[in-house]
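Please read through the structure below; I'll follow up with questions.
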Amino acid sequence: MIVLEKRPQPSRAWSMSTPLVAVLATMFFGGLLFAALGKNPVEAIETIFWEPLFGEFAFYYRPQLLVKGAPLVLIAIGLSLGFRAGIWNIGAEGQYIMGAICGAGAGLAFYPVEGWFIFPIMVIAGALGGWAWAMIPALLKVRFGTNEILVSLMLVYVAEQLLASVSLGLLKNPEGFGFPGSRNLQSYASAHNAELFEGTGMHWGVVGALIAVIFAYVLLNRHMLGFHIRLTGEAPRAAKFAGVNPARLILFCLGLSGALAGLAGLFEVSGPSGVVSIDFNVGYGFTAIIVAFLGRLHPVGILLAGGLMALTYIGGEIAQSQLGLPAAAIQVFQGMLLFFLLALDLLTNYRIRAARKEVA
Amino acid sequence: MTTPLLSLQGLTKAYPGVVANDNVSFDIGEGEVHALLGENGAGKSTLVKMIYGLVKPDSGTMLLRGQPYAPPEPRAARADGIAMVFQHFSLFDALNVAENIALGMENPPPMGDLASRIREVSETYGLPLDPYRTVGDLSAGERQRVEIIRCLLQDPKLLIMDEPTSVLTPQEVEILFETLQKLRAEGTSILYISHKLEEIRTLCDHATILRLGKNVGECTPRETSARDMAELMVGTALQTPQRAGRDFGEVALDISGLSVPSPTEFGTALKNVHLTVRKGEVLGIGGVAGNGQDELLGVLSGEIQTAADAVKMAGQPVGRLGPTARRRLGLLTAPEERLGHAAAPDMSLTENALLTGSVREGLESNGFLKWNDTRSFAERIIKAFDVRTPGPENAARSLSGGNLQKFVIGREVLQNPEVLVVNQPTWGVDAAAAAAIRQAILDLASKGAAVVCISQDLDELMEISDSFAALNEGRLSAPRPTTGLTVEEIGLMMGGAHGMEVAHV
Amino acid sequence: MDLTEINPVLLVASLMVAATPLLLAAIGELVVEKSGVLNLGVEGMMIVGAISGFAVSVETGSPWLGFVAAAVGGALLSLLFVVLTQVALANQVASGLALTLFGLGLSALLGQSYVGIKPPSMAELNIPGISDLPVIGPILFGHDPILYLGIALTAAVWAVLKFTRAGLILRAVGENHDAAHALGYKVVRIRCLAILFGGACAGLGGAYISLIRVPQWTEGMTAGVGWIALALVVFASWKPWRVLLGAYLFGGVTVVQLNLQAAGVAIPVEYLAMSPYLITILVLVILSADKSRAPASLGRIFHASH
C-alpha cells in the first residue's frame, strides 16, 4: 500500500525539479497522443522543441519566441502575484482585449497627427484599460464579496463582444472598404510598436516583460508588500493578524494584473498584430495561467516558462504546416503540461512511502 | 478473576520519527471507570484511536471479552459496543442535533423516532437537548452532550471520553460526573482520558499512566496522591513558576462598554465588556471555549475594529487602529491557534518572526525588508526560549506544538510589550514548555507590562494571575482578586451549569 | 422592429430548452460542492460531453447512446480532477482551470471531423391529445426526454440530499471532513463519487447543447455556459429547486435576447449577446452578501493524518 506523508517542510529540490519532470512527462504522453493521431512522435516532439531554436529557419523563429513569449510573461507575472495571495484573476484575456482597445483607440484618436508623445499615451491608455476592467471584479469583491473568479471570467465574454462591436463600429477603418477591423497601426509611425533592433523580435513589450519580472522579483523577496502577498496566500488569518488589509491587497493584485494584461494587449495590437479585429485575441490570457503555474508563481520561473510556452506555440505552428498536426493537439499538449505540473506538485509537500500491509 | 471487558496486550504504533505507543498493555474491567493519564504527546490519543478503529496498531493484540478484537474502521468498533466522545472535530455545525446523532449511528431510525429517543435519553441522564437545534449555535457543554447522547443511544459497553471536562464549567463537570456514575452503575465501562488529577481521583476506579508512549505505571487514584501521579506522568518533580510580589502601576489597558458582533458565522458576539489592567498586573480570563475568547483577542489585536474609545491604551483610544499601529504603541497579542493564525505553517521561522516583529524590531525601512536583522531576531527568540529546531530557516509546521508555542510567545515577549494579550498560551503544550511559558509571562509582568491571559485552564489562571474574570456568552464578569476565590465562585462567574440546574439526575 | 413576431408560448418552450444544459451542469456541480469540492472545470467537462455525445450519436445514429457517451465522457474528464485533487491533493481552483483548458483543447481535437455535420435528432415527447393542447401542450408536453430528465434529476437530488442517509453523509463530508473521517466515513471515496456524478451531469448538459439545442458541433460551443452554471450554484445557495429556478431565469434571458436580435431591435447585436454574462455578474453581486449556505469545507484539501 502507498501512503502519503506530509513533509515537515516543503522540499526545495522537488519544488525546482517538478516543472522539468512535468515537461518530460508531457513530452512522453504528448508523443503518445501524436502517435495516436498517426504522426511520428519523435519527429513531432523534435519539430516542436528543436526546430524553432536550432532548425534551418531558426533565424526566423527565434525572434518569434520573444514576440510570443513577451505577452505571456507580462500577463503571467501579474496573475502570479494574485495567485500567490489566493486572488484568482482568470479574466486576463478580457483585460488584454480591453488594453488593446483602449490603447489602440487612444492612438487612433490622434490619427493622422505624428508625434513622440502618442505612443506613451497609448501605453498609459492600454494599462488603464486593463486596470479598469480588472477593477470591476476587484471592487465587487471588496464591496460585496462577489467571487472574482466568475466575474473576471464573465467579463472576458463581455470584452469579446465589445471587441466585435468596436472593430465593426467605432474603430473600424474608414478606408477599409467595409472590411471589419481598425486601421493598421504598423503603418502609423507614431503609434507603431516597432522592433527596437531590426530582426530580433525585440519590441517594447519584451522590455516591459523583463521589467515586470525584475519588479516582481524585488517585490516578492525584498518588500513588505510582497511578503504580505505571500503571507495572505499561505495563511489568510495570519496575514490579517500581521496587519494586512485584505481589501487593499485585492485591489492591488487585481489592478496590477489587469494593467499588465492591458499592456500586453496594447503592445500586441500596436506591434505584431497591428489591427484591432474581431479575432485579435488568441488566448494569451488563458495560456498565461499555465505559464504562471509552470513557473511555480516565481518571477524567474515564469520567464523560463513563458519561453517554453512560446516554443510550443511556434513549434506547434511548424508542426501544423509541416506534419499536419492539428492546432488543437497543441492546446491539449499545453493542458497536459498543466496537469502533470499540478499532480507532481504533490512531491513538494508530501513524501510517498510504501507502507507495510496494515494489520486488518 | 473475571475476564476483563477489554484487554490491550503489547500495543505498538510508530509514526515516522516518533513511537507513539510502545508495547502498551492494560485491562479495562466491566463497569469500571478507567483513567488514562498522561501529558500532551504521551500517546493517549493514538491509543484510543486504535481501540476505536481509526488507527491500526503495528503490533500487539486486543481482546474484547476474551475474543480477539481488531476493528478495521470505527463502524466495526461501534458495532462491537465501543463508543467515543471526541475532544475535537466530530460535530457538524450546519446540521442539527438529530442529524449529527444519526451520522454516528449504524442504523439510525427515521428522524422523527430518533428525535423522541434523543429527548428520552437526554432526560434520563440529565442532559437536556433539543434535537432540532443547529449544532453551531450550541454552547461547548451542549455540544458535548450531543456527543454523549450519540454514544448512549448505541448502548455502549465501553465509552471512551477524551478530555471531556476541558470544555465545561465546574458545575457542569459535577453534572457530567453524576451521569458517568449512573452509567457505571448500569454496568458500562468508561475509559476516561485526562491530565487533570483531581478529577481522576474523584471519578476513576483505576488509572494507567502513559509517558512518552509507554505504560509507566498503574494505580488506584483514590489511594494515590495527586503529586505522586503527577510525578509518574511527567517523570520529574514539577517546578511551579516563581512570582515576586508586585506593585501595580497606572492603568495600561482599558476596555469600556465594548460590544461587537462576531466576524464568523457560529462565533460569539461580545456584549458590553469592561476591563482594566494596570502595569505589572496579570489579568486571567477564564471561561469555556467559544464564549467570546477569540473575539476578545481579535478586538485587542486590531483584527476586529471597534469604536475608537472602546479600547484605550494608557488613556489613548486605539479601537480604530489596525494591528500594525497597535504594535507600534506596544500592544502585542498571541492568538490561540498557532498554525495558520499566530504563525504561517509553510513559512520559515525567520519569516514568521517578521510577521509581528517588523515594526518594533525595525525590520523594514520604507517597506524594504532587512532579512539579516530578521534572521537574528528569530535566532534570539530561538535562543531565549529554548525553541528546539535546527535553525530559523525551518518551516513553522516542522516544530512540535510546544516548541512553536514557545516561539510564538517568545516573539511577542522579546518585543518588550507595554500590554501583552495571550489566548490559551499553554494549550496542547507539554508540562516543561508550559512552565517556561508561564514563567516568561510572569517575568514580563514583574518588569512592568500589563498582561491579559485568556485560558480555559483554571489551574493555570490561579497560578499566574493577580485578578480573575470569566467570559460567558460574550459577557465578561467583573474582575476579582485571585487570592481567596473558591471553585464555586469561579464556576458561577463562568456561567454555572448553563441552565442545566433544571434537569435532575 | 417587430416585437409582435415573438410568440410567448414558443418563447417559454424555448427557454426551457435553453435552460436545460445549465440545469444539468449546475445540479451536478451542486452535488460536487455539497461534498465540499469546488470543481471549476464544468466548462471543460461540458464541452467534452458535447463532442463525445455528438460523435457517438453521429457514428451510431442513436442520440440515446450519444447522451450515454456524453455522461461517460464528462465523468472520464472529471476523473482527471479526482486524480489531481483527491489523490495528488492539488489546489482545486488551479485543477479546475486545468480541466477547462484541457477539455477545450481535447474537444477541439476530437471534433475536427465533425464540423458541419447534422446529428440524428431525438424524438420529442408526443402524447396524442395532450401534447397538442394549446399553450400547455408545447410548454409542458412537447419536449425531448432529456429536458424532463433534467427536471427529474433536480427532484431526485433534492430528495436524496434532504431525506436519505446517503444525502446526509454527503452533506456531512462537505461540512466537516475531519469530523466525517473521525466517524469512519470514507471522505475521499464519497468525494470521488460526487465529482464523477458532477462530471456525468456536465457531460449531459454539454451534449444537450450539441445534440438538441443547436444542434451541430462547433469549437468552443459551450461559450461560458459551464461558468454560468457555477455562478448558478452560488445563486441558488446550494438548493436544488433554486438551481432550477435560476436556470430558467438565465434560459429566459438568453432566449429573450436571441428573440430581440431576431426581431431586429435597435440595440446592437453585441450588446444583446453580452447581456447573459452581465446579468450573471449582477446576480452574483446581489446574492454574494449571503454566504451562509456554502458547505464549510468547500475547496479545502483533505489529508487524513491520524
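The letters A, B and C name the chains in turn, as written, and every chain counts its residues from 1.
We take it that contacts are C-beta pairs under 8 Å (C-beta built on N, C-alpha and C of every residue); 3 or more make two chains touch, one makes a residue touch a chain.
By chain, UniProt protein names: A, C = ABC transporter permease; B = ABC transporter ATP-binding protein.
Since we're looking at a predicted model, the values are computed, not measured.
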Interface ranked first by C-beta contact pairs: A-C
Maximum centroid distance from subunit C (ABC transporter permease), chain identifier (CA atoms): B
Subunit A (ABC transporter permease) and subunit C (ABC transporter permease), separation of their C-alpha mean positions in angstrom: 28
Euclidean distance of C-alpha centroids - subunit B vs subunit C (ABC transporter permease), Å: 45
For subunit A (ABC transporter permease) paired with subunit B, centre-to-centre distance based on mean C-alpha positions, whole Å: 47
Residues on subunit A (ABC transporter permease) engaged by subunit C (ABC transporter permease) in the complex (per definition of touch): 4, 6, 83, 88, 90, 136, 140, 144-147, 149-151, 153-155, 157-158, 161-162, 164-165, 168-169, 286, 289-290, 293, 326-336, 338-339, 342-346, 349-350
Complex contacts: residues of subunit A (ABC transporter permease) adjacent to subunit B: 5, 8-10, 222-225, 227, 230-231, 234-235, 237-243, 245, 356, 358-360
Complex contact set, residues of subunit C (ABC transporter permease) against subunit B: 165, 168-169, 171-172, 175-176, 178-180, 182-185, 292, 295-296, 306
Partner subunit C (ABC transporter permease), residues of subunit B touching it in the complex: 46, 49, 53-55, 73-75, 78, 86, 89-95, 99, 102-104, 108, 265
Interfacial residue positions of subunit C (ABC transporter permease) with respect to subunit A (ABC transporter permease) in the complex: 40, 80, 83-84, 88-91, 93-95, 97-98, 101-106, 108-109, 112, 219, 223-224, 227-228, 230-231, 234, 268, 270-271, 273-274, 277-278, 280-281, 284-285, 288-289, 291, 303, 305
